[in-house]
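Shared between the two complexes below is chain A, which has chain B as its partner in the first and chain C in the second.
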Partner chain A sequence: MSQHVKKDEPALKAVARLLRGLLLGAAFLTPALALAAGPPTAEVNTTGLAVTDTTVTVGQLHSATGTMAISETGSIQAERLAIEQINEAGGILGRKIEIIQEDGASDWPTFAEKARKLLVNDKVAAVFGCWTSASRKAVLPVFEKENGMLYYPTFYEGLEESKNVIYTGQEATQQIIAGLDWLAKNKGAKTFYLIGSDYIWPRTSNKIARKHIENVLKGKVVGEDYFPLGHTQFGSLINKIKLKKPDAVYSIIVGGSNVSWWKQLKAAGVTADKQTILTISVTEDEILGIGGENMVGYYAAMKYFQSLDNENNKKFVEAFKAKYGKDAVIGDVTQAAYLGPWLWKAAVEKAGSFDVDKIAAASPDIELTTAPEGYVKIHKNHHLWSKLRIGEAQADGQYKVLYESELIEPNPFPEGYQ
Partner chain B sequence: MDGMTLSEIGSLLVMQGFNGLSFFSVLLLMALGLAIIFGQMGVINMAHGEFLTIGAYTTYLLSVVATDYAPWFMNFYFIAAIFVGFIVAFIVGYLVEWSMIRHLYRRPLDSLLATWGLSLIMQQAFRSTFGPKEVSATLPDWLMGSYAPTDTIDIPLNGLFVMGLTLLLTGAVALLIFRSRWGLHVRATTQNRAMSGAVGIDTAKVDRLTFALGCGIAGVAGAAFTTIGSTGPTSGSLYIVDTFLVVVFGGAQSLLGTIASAFSIAQAQSTLEFFMTGSMAKVLTLLTIIGILMLRPEGLFRMRVRK
Partner chain C sequence: MNTKLKALWGGYGTVLVLAAVIFILLPLSLDLFRLNLVGKYLTYAFVAVGLVLCWGYGGILSLGQGVFFGLGGYCMAMFLKLEASDPESTKIQSTPGIPDFMDWNQLTELPGFWLPFKSFLFTLFAVPLVPGILAFIIAVAMFKRRVGGVYFAIMTQAFAAVLSILIIGQQGYTGGVNGITDLKTLHGWDIRTDEAKYLLYYINGALLIGVVLLGRFVIGSKFGKLLLALRDREERVRFSGYDVANFKVFIFCLAAMFSAVGGAMFTLQVGFMSPSFVGIVPSIEMVIFTAVGGRMSLVGAVYGSLLVNYGKSYFSETFPELWLFLMGGLFIAVVMLFPNGLAGLSNQWREWRDRRRPKAGGTVTPLTAPPAGATPPPAGKDPLPPVASVGGGR
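After this line comes the complex of A and B, so read on.
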C-alpha cells in the first residue's frame, strides 16, 4: 500500500497543480462531481498515509478470536456498518474507505504488535479498535510514537487523555455519578454494597462510587467485594448481601462471571422487588448469555440502550439487523463503536485533511446529531459529552428506559474522586 | 449484625452451610471426569474444560429444540440433555483418544502441550459454530428459583439438583472402578501395562474406554453447570484450574482423595469468602493448598502402589 502511494505522489502533485483551479471551479458548479473526485491527495495527505485519489485505508484492531471475541464482535460489526454507510454516501473527501482488519486475539502484546503493523507498514489513516483497558494501554505508546489516530469504543475507568485517541465510550464519572444520584433520589438508597471483578476498571469505578456515596450523597458503603475474573461461585456473596441488607447493590462483575452471578442470585430467591441492584457492566449483549428471565427488574446505567426511542436509533437498529440478522442485539459499546467512523469523517471534513495532527486539532467541538444515542459532542479532552440513561431489564433481554440525564461533561481526571 | 434476630442468623448459617455443600458438589462434579483421566490414566488433559463446554452446548441446543419445536418437551429436556451430553462428549473423547492421546502415553509432558493445543482448537471450533457470544439455555421451571422451608431460608433448587446428580455419579464411578471387572482392568493397566497385556487384558481398549468415560462425565458436568454458569466458547476454561487443583490436592489416584479435597477446598473457600473479599479468599485457599502440598507432595490421600 505504502509503495503504491509513494510511486503516485510526484505525478499526482503535478496533476494536482494543473487541475486545482479546474477542480475548485467544478466544485462550485457541480457538487456531486466534486464529491466523487475530491481534493487532490497531495493536499489532504502530507504525512504519507495510505490515501490515494479514490481510496483511504483505515485499520480495525479488535479480538476476533480468544476470550474477548465475545465482547468485541459487536464493535467490529458496528464499525463495518458505519464505514459501509459512509462509503455508500460517497465516502470521505471523495475517497472510499478500505479496511485492513487485524486480530488482537485477546492478547495484549499482539495488540501492540498489530498496531505497529497497521501504522508503520500499512500507513492507515485511522484505527478503530481495542476494547479492554489492557489492550488500549498496550497500544497507546505505539500510537503516540508513530502518531496514529485511535477511536476507542469502550466505557472505561478514565485517568487517561491522549492527543492520539478519541474515546467514544464514557469515562467513569459519566457513567457512575448520575446513576448513583438516580438511586438515591428514586429508590431512597442510603446504604450501598459495591461489588466487582478484580481488575482496574471495576476497582477504579467503585472508588469513584464510594467517594460519591460518602461525600456527596452522605450515604454509607456497607460492603465492597472483588472476585477474580472467571469466578463462578457467588453463594457466599449473596448470603453476605442478605446479612447486610443494603438499599442497593452496585455491580461491576464482568465476563462469564456475570452469568453465574445473576443466575445464582435468582436461584437464591433474590428478586428485583426484594433487592435493588444497579449494574454498569451488563449490556444487551451480556443478557444473551445470562438469560432475560434471570435479570428481570434490575437496573443498568448506560449511555445507550437498543430500545432508545428516537429516529436515529430506529434507523441504526434497522440497518444493523438488516446486515447481521434479525436476532442481533446492540449493546452500549457496539453503539459507541459505530460513532467512531462517523466522528473521524466529521473531523477529516472539518480539517480538510487526513493528517493526524490536523484531525486531532479539529476534533474538539465536533458535533454529531445523527448518533443513535442522540446528540454527542467531542470535548477538548477527546472524550464525548453524552447522556446517561437508566434502563430496567425486561424478560425479552431488552431494557426499558426509565430515566435520561442532561448531557454530562467528560472528566477523566475527576478531582476529589481519587 | 445489629437488627438481626437469632432466627435470621440461624437461617444465614443454614444457607451458608448449604452454600459450602453446593460448592463442594460443583467441584466434585467437575473433577470427577479428570480424576479418572488424570488420576487413573495419568494423562494431563488440558482440554478437559472443553468437554464440559460440549455438554453445555448440547444442553443449549436441546433447549432451543424444546422451546422452538416441542414445548411439551420443555419440562424433561434437561434430563435428556444430561444423557445426550454424556454420549456426545463420550464419542468425542473416544475419537480424541484414538487419534491423539494413545500416541502420547509414554510422553506425559507432550500430552500436556498437545491437549492444550486441542483445547484451543475446540474453543475456536465452538466460536465458529455457535458464534463468540454467550448463549443461555432456557431452564425448565422446576430448576429455577428456590425452595423456602421458612420465611428466611432460601435453598437454591439448581444447587440441590447438582448435589443429587453428583452423589449419583460419584456412586456410579466408585462402583465401576472398584467393583466391576472393567474397573479391575483399568486399575491393572494403570499399575502395570505390560503385565496387564500379558494376562490377556486388551489395554488399548481399556485406555480408550476409560478416557471416553472421563470425557463423558465432563459432558454431564457441563450440562449441569448451565444451571449455574455461562455457556460460551471459553466457559470450560473457567473450570480447568479448579479441576486440576481438586484432583492434585486430593492425591491423583484416589477417588476418596478427590472427594475429600473437593470438600475441604469448597468449605474453606466459601467460609473465607463470607469474611473477606472473593479475591483474598482465593489467595488464602491457594496458599493453604500449596503449604499442604509441600508437606504432602502426593496429596491428601495416597493410593499404595508398588513403584
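After this line comes the complex of A and C, so read on.
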C-alpha cells in the first residue's frame, strides 16, 4: 500500500520512525538470520503489510458487545481455534500468526472505522470478520479502497462479488434451491408459505424461493409475510398458516424472534407431524435459546450440522469442546468461520506471498479436504462450492442429517431469479 | 494582561485556541487515519454545539438530535448514492441506474422523493432545511401548546424511535438497516482519496468554527439573555410580554440545523449513512458529549465530543472485551468529579485556588470572587449536575 505513504507527515516524526526502524532492524537481524525457516520477508511481502521474519499479523473484526455478540461469539472462537492450530503446526511460510481483535460493537459505522484501523494503521495481512450483511456492506468499500482481504463467514443473500472478500458461507441459491427440491420430492410439497424477518437477506432469499417454486417446481406460494427484527407476536401468523394449510412453511425468521416463533407454534398446538416447516435460519446456536423440545421434527437446510459423521468433523468438534467447554455447540456459521484462516493459509502458500493481490489471484480452485463440512473449493467468484444438508431437529438441540446434496456451484447473481 | 486584551481573550480566545487545535495541532500530530477519525468526531460536535444552545441556554432538553443529524446525513447520502448509481456501474442490476438496494427490493424505478436529490444545489439546501422544517413542525406543535421539560424530552425520543423504525422498515426506499452505503464521488470528485480526506477535514473544521461563532453571536445577543431568562423563569418572561414559544421554536430549529450540517459532513467523511444514528441511543449519546464538555460552553462541547469519542475508539481498541465498562466509568467519573463538564474545570480550579489562598497568603477572603470567564451563569452555582437536571427546563 505504498500509495498511502503520508505526504504531510512532519519531518521529526519521520526521523523518529527511521531511527526506530534502524534499531529494530539491528535487534532482529541476528535472530532472524538464525531462525528464518520461511522465505525472506522482502520476498513475501512487497506491499508493507504487518509481516516480520517470524510473525504475520491478522485482524479479527466481530461484535464482542451489543445485540449481535451472542451470534458472533461462535465465529470469534472458531477463528481463534483455527489460528491456534495453524500456529501449532508451524504457522504460515514459517511465520506465527498474531491476532489483533477489534470490536464492531453491533454498530455498522464502528465496523467501518475498525476495518480502516486494521488495514491502514495495523497493516494486517487479512481480516476474519463481520457477520450481518449490514456490517459487510459497511466495510466493503474500505476493503476495496485499502486493498485488504476479508474472510466473511455468514450465509447471505448473494448479489455481491469482490476481489477483496472470500465468502466462506453459502450465498442464497446454495441454501435455497436444493432445500426446496427436497421438500417437493420427499414431502410432496406444492403449496408454500414464505415468512421472514424484514431485512435484505430474508427478502432476497424468499424472492429466489418464490421464483423457484413458481417456475421450476410449478408450485404455489400461498402467503408471504415479514416481521421486524426482534418481533415477538406470531399469533396472527400462526392463525393464517392454520387457515391456508400450506404443504410447507419456509421460515427465515432470524435471531431472538425465533424463540417466540417456535414456542408460540407449539403453544398453538402446531407440531411437526401436522405442519412441515423448513428453516434456513436456525442453527444449533439458536436452538440453545429456543429449546430443543420446541423444535422437534422440524427441518433445517444448512451446509453444516454439528452431528455430521466424518473424521474431519469429529476432530473439529473435539478440539472445539476441549477449548471452549463440553457444552459448546457449533452452528453452520461457526464452521464457516473456522474455514477462513485455513483457506487463507492455503492461498498464501499457493501464492508464496502475503500480498493481497497475489492471494486474491491464487484463491480460485483452492481445495480444503480437511474441512469439517467435508470438502470445499473456492470458485473464481470467491464463494465456496459446498453441499446442502437437510437436518431434522432433535430434542437434545442437535440435527439428524437426512439428506446431503452434491457439491453446489456458488452463483451469487442467479439469472432468472432476480 | 491589560483589561483590553483580557476582554478580547474572554471573547474569542477560546475559539482561537480551538481553531489552532483543529487546524494546526491535530493535523500535525496525527496520521491521516486518525485525522479522519477526528473529523468524524467533530461532526458529532455540531450536534453538541446545538445542544449547548438549546439545552444549556434554552433549557430545552432534546433526546432526539440524532433525527436531525441523520436526516442531514441522509440528504447528502441520497445525492451521493444517485451519483454512484449511474447506469454504467449498475448494469448487472435488473433495473440499471437506480441505487443497488432498490433493485434488491424489487423496485423498478426511482421513487419520486429521490428525484430532486439528483441536483447538488437542491441537496445543499435540503441538508439544513429538511431537518429544519421537521424541527419547526415539532417545535410549533409542542411549544405552542406549552409542552416542555421532561415531556418534551420524551416526545423527542419518540420521534427518534419513529424515524428509525420508518427508515428500517422502508428498506426499498431508504436502504433499511444497512443504510446507504458505497458512496464514491461528489460531482465527479472522489471523496475516498487521501487529498479529499484532508480537504473535507478542513472544510468540516471551518464549518464547525463557523457554527461556534454563530452560537456565540446568538448567546451574546439580547436574544441570548432572553433565552437564559426563560430557562430559569419561563413564567416571568411570559408575563413580561414575550411570546416564549417563538424563542424556543427558533433555538430548537437552529440546533437541529447545526446537527444536520454535522450529519452531512459525516456522510462525506465516512462514506455512508445508516439508521444507527437516528435512534434513541445515539441521540442520548450526543447529549452525553455535551454534558461531558459542559453544557454552558460551546467550545467545551467540541472538546467533550472529541474526548468521549476518542475514549470510545481508544478503549475499544485496547480492551475489546472491557471497553463498555470503561466508558461507563468515564461518564460516572465526569458527572461526579466535574458536574459542570470540562468547561467547568477552570471555574472549579479557581474556586479551589481561592479557598487555599487564605492559608498561603495569610489574608482572609470572605467571598469567593465571581468566576471571571466569559461563560455566563456561573456553572459552579448551579445546584444540579448537568445530567441530573433533565427536567430543569421548566
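Structure notes:
Just so it is clear, the second predicted complex is superposed on the first by the 382 of 418 C-alpha atoms of A that agree within 3 Å, B and C clash if a C-alpha of one lies under 4 Å from a C-alpha of the other, contacts with A are read in each partner's own complex, and residues count from 1 in each chain.
Operating definition for what follows: contacts are C-beta pairs under 8 Å (C-beta built on N, C-alpha and C of every residue); 3 or more make two chains touch, one makes a residue touch a chain.
Computed from a prediction, not measured in an experiment: that's the story for all the values here.
Using the contact criterion defined above for the overlaid structures, shared-chain residue A:Asp357 touches neither chain B nor chain C, since it reaches no partner. In the superposed model, A:Asp53 makes contact with neither chain B nor chain C.
By the touch criterion stated above, A:Pro228 is placed in contact with chain B and with chain C alike.
In the superposed pair of complexes, A:Thr65 makes contact with chain B and with chain C alike.
Touch criterion met: A:Lys263 reaches chain B, while chain C stays clear of it. Touch criterion met: A:Leu237 reaches chain B, while chain C stays clear of it. In the superposition on chain A, A:Gly289 contacts chain B only, with no contact to chain C.
In the superposition on chain A, contact of A:Glu98 is made with neither chain B nor chain C. In the superposed pair of complexes, A:Asp181 makes contact with neither chain B nor chain C.
Under the contact criterion defined above, the residues of chain A that touch both chain B in one complex and chain C in the other are 64-65, 198, 228. Within the complex, the chain A residues that touch chain B are 64-67, 69-70, 73, 198, 224-228, 230-233, 235-240, 242-243, 245, 256-260, 263-264, 266-270, 285-286, 288-291, 293-294. Note for the complex: chain B touches chain A at residues 1, 3-4, 12, 15-16, 19, 22-23, 26, 124, 127, 131-139, 144-146, 148, 154, 156-159, 227-235, 237-239, 269-271, 273-274, 277-279, 281-282.
For chain C in complex with chain A, the residues that touch the partner chain are 27-29, 31-34, 36-37, 40, 92, 94, 100-101, 104-106, 165, 168-169, 171, 176-179, 181-184, 192, 194, 198, 270-272, 274, 276-277, 313, 316-317, 320-321, 323-324.
Only residues 4, 6-10, 64-65, 101-103, 105, 107-110, 112-114, 116-117, 120-121, 133-134, 137-138, 140-142, 145, 157, 159, 198-200, 203-204, 207, 228-229, 413, 418 of chain A touch chain C when the two sit together in their complex.
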